[in-house]
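I am attaching a structure below and will ask some questions about it afterwards.
Residue numbering begins at 1 within each chain, and the chains themselves are lettered A, B, C and D in the order written.
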Amino acid sequence: MKMGVKVKLISGRTVAQGQNLDNKLSDEYFSAVAFCELNATDMTKIGVSPGENVKVSTKYGEVVVKAKQGAGNPEGVAFIPMGPWANAVVSGDTKGAGMPQYKGIDAEIEKTEEQVLQIRELMRQYMR
Amino acid sequence: MVEELLIRNGVVYDPINGVKGEKKDICIRDGKIVEEVKNPKVIDAEGRVVMPGGVDIHAHIAGGKVNSGRLFRPEDGRKGAEPKTKVCRVQSGYSVPNTFATGYRYARMGYTFVMEPAMPPLAARHTHEELIDIPILDNAALPLIDNNWMTMEYVKSGDIDLLAAYIAWMIKATKGYGVKIVNPGGTEAWAWAKNCDLNDAVPYFDVTPAEIVKSLAEANEKFEMPHSIHVHGNMLGHPGNYVVTMKTFDLVKGIRAYRDRPVLHGTHVQFHSYGGTRWGDFESQAKAIADYINSNEHVSIDIGSIILGDTTTMTADGPMEYSLYQITGRKWTNHDVELETGTGITPFLYSGKVSVHTIQWAIGQELALLIKDPWKVALTTDHPNAGPFIGYPILISMLMNKRRRDESAEEMHSAIFDRAELPSIDREYDFYEIAIITRAMAAKTLGLAEHGKGHLGVGADGDVAIYDITPEERDDAGKIQKAFLNAKYTIKGGEIVVKDGEVVAAPQGRTFFVTPECDEKLMDEMLTKLKDTFEHYYSVSFANYPVQDAYVPNPYEIRAPWRS
Amino acid sequence: MVQITDVVCPLCGCVCDDIVVEVEDNRVTKVRGACAVGKSKLMGHGRIKSPAIRENGALKDCSYDEAIKKAAEILAAARRPLLYGWSSTVCEAAKVGVELAEEIGAVIDNTASVCHGPSVLAIQDVGLPSCTLGEVKNRASLIIYWGSNPTSAHGNHMKRYSYISKGYFLPGGKKDRKLVVVDVRETKTAKMADKFLRVEPGKDYLVFSALRAILYGYEDVVPDEVGGVSKKDLLEVASMMKEVQFGIIFFGMGVTHSRGRHNNIVNAIQTTRAAHTHTKFNIMPMRGHYNVAGFNQVCTWETGFPFAVDLSLGYPWYNPGETSSTDLLIRRECDAALIIASDPGAHFPGESVKHLAKIPVIQIDPFPNPTTEFADVVIPTAISGIESEGSVYRMDNIPLRVRKLVDTEYMSDEEVMKRILEEVRAIKAKEGE
Amino acid sequence: MQQISLKLKEEVMKGVARIPIVVDSLTPDKLFGKSESEIKAEKVWWGNRQENTGDLFEVGVDGEAGSASEVKIVLEGDLSRVKYIGAGMTAGEIEANGDVDMHCGAMMRGGKITVHGNADCWAGREMHGGELIIEGDAGANLCAMYRGEITGMTGGKVVVEGDAGECVGQYMAGGEILIKGNADILAGLNMKGGRITIEGNAVMPGADMTGGEIIVKGKVEDMMPSFRFVEVTTLDDGAQYRKYSGDLAMTEKRAKGVLYVKA
C-alpha cells in the first residue's frame, strides 16, 4: 500500500540549474535539476533518505526524482528546480492568463524503487 | 525613386521664401528642389494648395516613454489595428500608434520631419531604435539635460563653460539635437515624491529651477546651436501657473543667440497658461501669455492644443503625471531615470462636457489666435499629451474658421463663454499662416531651414505636400479637415510616398543630430568629474553609455562650433 | 591573450556591463566580475555542430542553405505557425521575427509568456510605478524581495544594484538599508533579511490586499492572520514601508507562477501605489533572461503589443490566455513552430511539450537541449553577446549593446532569420504566380 | 422564422493540429437576407487563411425571415475550436450543440445564445445586452473586459448552469450573471456595477470591487481581508446573509461594492 505525503509543489531557479542552462543534455544538468527538496519531517513520513528516489504525482502526471533535504522548506512544501522533471507534473492550464501554474500544485510524494529517467528518456515519453 | 519631378499648376505657400499662394511650378531632381527639370514625371496639382513637407517641432513618437504607453494600453492598440499591405507593415494604436503607423499617418498629413522632444540620455539607444523603425519621416531627438546631477552641480558652482562641455558631451553621446528641459529640479525632487516651483531649492542640490534654466540657456549659446533651449517649465497643469511661465521666459531675456532665433522655446504652452487658484475657479490666461510673446522677441512657443477624446499623457514631469493619476484613479506608470530624469504616463479623457477640459481646449487655440506673429507659434498637440497628432487637421480647420469654433463652443461646457477668450476672437488663419505654424516656423526655430527643411527654395529637400483643396475653398471647414488629414500627394526627398491619401512608398528617414564642438581642455576637466560619477553612481559603465553609430544608420550631422 | 573590459553579460536580466574577460586563441579563458551563472555562460558549453534535418527519426547533418530552405517550406505551408523564444538573443533578430510573423500570419511570442507575462498583464491593468536600478542603488533604504530569490537567479543583483550596493545617499551600503523577504520557503535570500514573512503557497494575493488596507488606514478590518502571516508582522512591514524615504519591491516568479498569477502582480502594484501615498515607493519585476525585456520592447513598438501577438488575421491581435504559447500548444492549435534562443522542451509543461513534439519544429540555437530531441530542423547560431553583437534591454528597460568577444563560423540569429524570411518570400512569390 | 443550420465538417478537426475557426461573420445580423449559396460563400478565417463557410460547414437554410430577429442559427459538430460564436450580434438566436470555443457572445448587444455544453474563456466579454445561456461550465474571464480596458459587461443576462472559471465579470459595470455551480478565484474582480449571483462556492470574491453586488449562496474560501462586515440581513430568497462592504484596499472613498455571503 502507498505511503505518500501530500504537499504543495514549487518549481524554480537554482544556481546549478542556471549554470547548466546551455548544458542540458549533460550529467551536470541531471544532477542539478532531477531532484525534489523536502522538509526533514516529510522525508521521515515517507521513509526516504537523501539520495533515494521518490515518485511525485499530480493531477497532471508523475515523475521519479532523487530525494533531497531542503532546510528552507516548511513541512508540506516540496521544491523541484525548474526543468523537464518538474514540468512533467505541473499544470498547463493557464486559466485564461497565458501562464501555466508552475508553483503551488497539489502533489503526492512517495518513496519508490523506480529509476529516475535520463533527459533523453524523459523527452522520448512526449514523442510517443 | 523618380529622378525628376515637376509639380505643375499648384498654388504654392512657401513662407520661408515669402511665397504667398502663387501659382508656381516646383522642380525636383535627385531629391532636391531645383530651378528646372528636363524630362520629369509630371504631377498636375490643378490649383490645389501646395506646401513644403510639414515639420513638427514637438511630438512624442519614439522611446521608452512612448513604448511604455503602447505597452500598457492594449485597449488603445486595438483601436488602430490595420493589416499589412504590399507597402505598409502592420499598424495599431490611436493615441500611441506603433512606429510604422506613426510614419504612415504623419506622411498622409503631408509631414516629412518630426522632432522627438524628450530623450532620456541613459535610454537614448531605445529612442534611436524606434526612430529607425519609423518609416518615411526625417527626425531628431532632444536629450533631457536639466535634472541631471552634473548639470545641477555645475549650475551650483556657476561653471557655465564646464556646463557647456557637459551638454556638448551629452548631446554627442546621445546623438541628440539640442537641450531639453522638463520641470527643471522638479523631476529630481520627484525621486523623493516631491516637486519644485521655479524658485524652490532642489532637495540636496541647493539650486533652483530658475538657476538651472538660466544657466542652460547661457551654456547652450556658447555654441552655434541650431536650436535654443526647449523648455517645459515648472508647475505644468497647475491653476495659476501662467505667472511661473512668464517668469521662466523672463529668466533668459538679454541672453544673446548666435543667430536670428529665440533663446528659449516654450513648449505646449497651453498647459502653462492657466489662471485661477484651483480647479474651481480655473480660467484661461492665454491673453497674458500672448501679450508677453507679442511684446518680446526672445521666446517662441508651440501651443500643445487639446483634441477632445481619449489619449495617453506622458512626460518626464513625474509629479505632474502623478497628480493626473490622482484625479482619474486610472493606471499610472512612472519610471525615474538615475541621475538624469524621469517619466510618468497615464491615460486621460478630455471631455467637452467638463469645464476645465473645455477651457484647456480653448486656451491652445487662443494662443495661436492672440499671438500676432505666426512666426512665433508652432501648431502642436504635444502628441499624445493634449491629443494625438492625427487631430492636427481638426485644429487647422478651427483656426481657419470662426464659425466652426463657435459651433463647437455651443456644444461644450458653458465655462468657455465666461472663463475663456476664444468665443470673442474673430481672427481666422489663412493658408499662408497655416503653412507657417505647421512647417516654416518649426524649420526656422529648429535651425533646419538651412538644412533643407520646411521650404521649397532651390537646394531644399524635395519634401512637398499637395492638399486636395483650392484657396477658393478656404471657408469649407469640413473640406479643410479632410484635405489636411489625407494629402493628395506627399513627396519626400523627391519620392512620392503618399498618393490620394494612401501610402505608396515607405523609404527610410534620416536622423539629424548636432555635434557641439567644445574646447578640449574644458572637455577633459569635465570628463574627470563625469567618469567619477559613472564609477560611483551610475548603474552602467562609462564605456557602454554612448550611443553607437549602429543606431543612426541614416545620419545627418550638424556641427555647432564654439562661439569665441 | 587579450583582455576585454566593460563586457556586457548575456545571461540574466541584470545585464551586468562591468565584466572583464580574457580571450586566448579565440576562446574565453577567464571571467572576472560575473556571478557563477554568468561566468558559466561566458566560459561556454558544448555546441550544436552543424545544421541538420530530421529524416526518419534521426537528425542528419546538412548545409545552412538546406536547413534554411526546409525551415521556410515548413513555415510558408503552415496555417497556424508559432514563432517562440527571442529572450536570449538580440533585438535585431527579434525585429526580423516580427516581420516574418507578419509575412506568414504567425503568432509571435517570447519566454515572458512563461515568466513575467503576468506582470505585463498587470501593468496593462494598473501601470508600473518604477525606476532604473541606479535609483535603487542611490536611494532605496528599504528593499523588499517578494517571491524572488536573487541569490539563486540574479547573482549580482544585490551587489550591483540593491541591498549590498553603495549609493549616493546610502554610502554605507547595506548598513544604511533594510531588507524584507516574502516567500513560501526560507531561501538563501530570506536568511539575509531583517524581516522574513513566510506566506502559504497561493496566498500572496490576500497578503497584498491586507497590506493595502493597512497602508490606507483600515487595519481594523484586517484579521489576525492572513495567508499564514500574522497581522503583527503585516503592521510592522507596513510601517517600515511608510517610514522610509524610498522603498522598492522586487518580485519574481514566486508570485507570477502561483495561484492568482497576473492578479498577484496587480495587487503588488496596488500595494506600491498605496505605499506611495506615504512616501516614494517603486516596484520592479526580476526579469529572467538578459533580453526578455528587449523582445517585449521591440514587439510593442512594431506591433503595438508586447508578446503573444497573433497576426493570423493580418492585423495584430493580442490576448494572452488565447494567443500565448502554452495555450496554443495545449489546445493543439499550432501546426508548426519556430523556436529560437529558448527551450520549451525543458521549460513548458509536459502537456504542451506533447503537442510540440508532434508538429514540425524548427530550432535555432547555439546549444543542443531537450527541444533538439524532437526538432525537425536544427540551425545552430552564434552566441549573441559572445560571438555576435546587438541590442538588449535590462530588467529596468535600460538598453545596452552586447559585444562580440570572439570570432565564429556560425551565422548570427539575425542572419538566419533574414535568410528564412527571404526564402519564405520567394515561396510566396511563386505561389502568387 | 428562418433556421440556418451550420454543421462543422468532421475532417476540419481531424488533423494533428486543431486550428480555430473565427465565425463572427456568421451572426443573424450578418446572415439575414442571404441565400444558401451566399452563406456558403461567406468568408471565415481558419487559421491564417480565409475559407468559404460552405467548405468548412454543411449549410442548410429553412424558412423565411423578415428581419435578423427572425433568424435562428443552429451550430452542430465539434465546435470546441469555433471562436466568436454570436460575437457582436444584436438580434436573433444562436443555438450551439456542444462545447464552444473562446469569445462566445463577446460584445453582443441583443438576441439570445444558448450553448448546450461548455463555453471556453471570454464568453460574454464586453457584453452590452441580450441573453447568453451556458448549460455546461464557463471558462475564465466570463463577461470580463478586454486587456487594459476598465469596463467589462455593461448589460444583458448571463446564466451558467455549471461552474465558472477565474475572474467572473471583471470590471463589470452592469447586467446580471447567475452561476449555478461554483466560481473559481476572484469573481467580481474590479466590479463597479451590476449583480453576480453564485449559487455554489466562491474563492476571494469581490477583490478590488468599487460597486455592484455579489451574492454567494454557498461557502466563501479565502475571504478578502479588506472587506468590512456591515450586518446580517435577509435577502429575497428568505435566507440570511452576512453583508460586507468593500473593497477597502481601493480606499473607503471608492469601496462602494456590496458582498453577501450566506450566513
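Just so we're on the same page, a contact is a pair of C-beta atoms (placed from the backbone, for glycine too) under 8 Å apart; a residue touches a chain by one contact, two chains touch by 3 or more.
It should be emphasised that the depicted structure is a prediction, and the values quoted were computed from it without experimental measurement.
Participant: Looking at chain pairs A-D and C-D, which one is connected by more C-beta pairs in contact?
Facilitator: Looking at contacts between chains, C-D has the larger number.
Participant: Give me the ID of the chain with the smallest distance between its Cα centroid and the all-protein Cα centroid.
Facilitator: Answer by centroid distance: C.
Participant: Please work out the Cα centroid separation of chain B and chain C, and write it as a whole number of Å.
Facilitator: Here chain B and chain C have centroids separated by 34 Å.
Participant: Using mean CA coordinates as chain centres, what's the gap between chain C and chain D in Å?
Facilitator: Their C-alpha centroids are separated by 33 Å.
Participant: Return the distance between the CA-based centres of chain A and chain C, expressed in whole Å.
Facilitator: 22
Participant: Residue numbers in chain D touching 2 or more other chains?
Facilitator: 121-122, 140-141, 146-148, 167
Participant: Where in chain C do residues touch at least two different other chains?
Facilitator: 121, 124-125, 259, 311, 313, 318, 320-322 - these are the residues of chain C that touch more than one other chain.
Participant: What are the residues of chain A that contact at least two other chains?
Facilitator: Residue numbers touching two or more other chains: 95-97.
Participant: Pull out all the chain pairs that touch, please.
Facilitator: Contacting pairs: A-C, A-D, B-C, B-D, C-D.
Participant: Which chain C residues qualify as touching chain A in the complex?
Facilitator: Where chain C meets chain A, its residues are 11-12, 36-37, 40-41, 44-46, 113-114, 117-118, 121, 149, 151-153, 155, 184-188, 190-191, 198, 201-202, 253-254, 256-259, 261-262, 288, 308, 320-324, 326-327, 330, 343, 345-354, 356-357, 366-370, 372-374.
Participant: Taking the complex as given, what residues does chain D use to touch chain B?
Facilitator: 146-150, 254
Participant: Give every residue of chain D touching chain C within the complex, in rising order.
Facilitator: For this pair, the touching residues of chain D are 15-20, 22, 45-49, 81, 102, 121-122, 140-141, 146-148, 167, 185-186, 189, 204, 207-208, 222, 224-229, 247-249, 251-252.
Participant: Give every residue of chain D touching chain A within the complex, in rising order.
Facilitator: Per the stated touch rule, the residues are 121-122, 139-141, 165-167, 184.
Participant: Within the complex, which stretch of chain C touches chain D?
Facilitator: Within the complex, chain C contacts chain D at residues 78-81, 104-106, 121, 124-125, 203, 205-206, 209-210, 212-213, 216, 218, 221-223, 226, 259-260, 263, 266-267, 270, 274, 311-313, 318-322, 331-335, 358-359.
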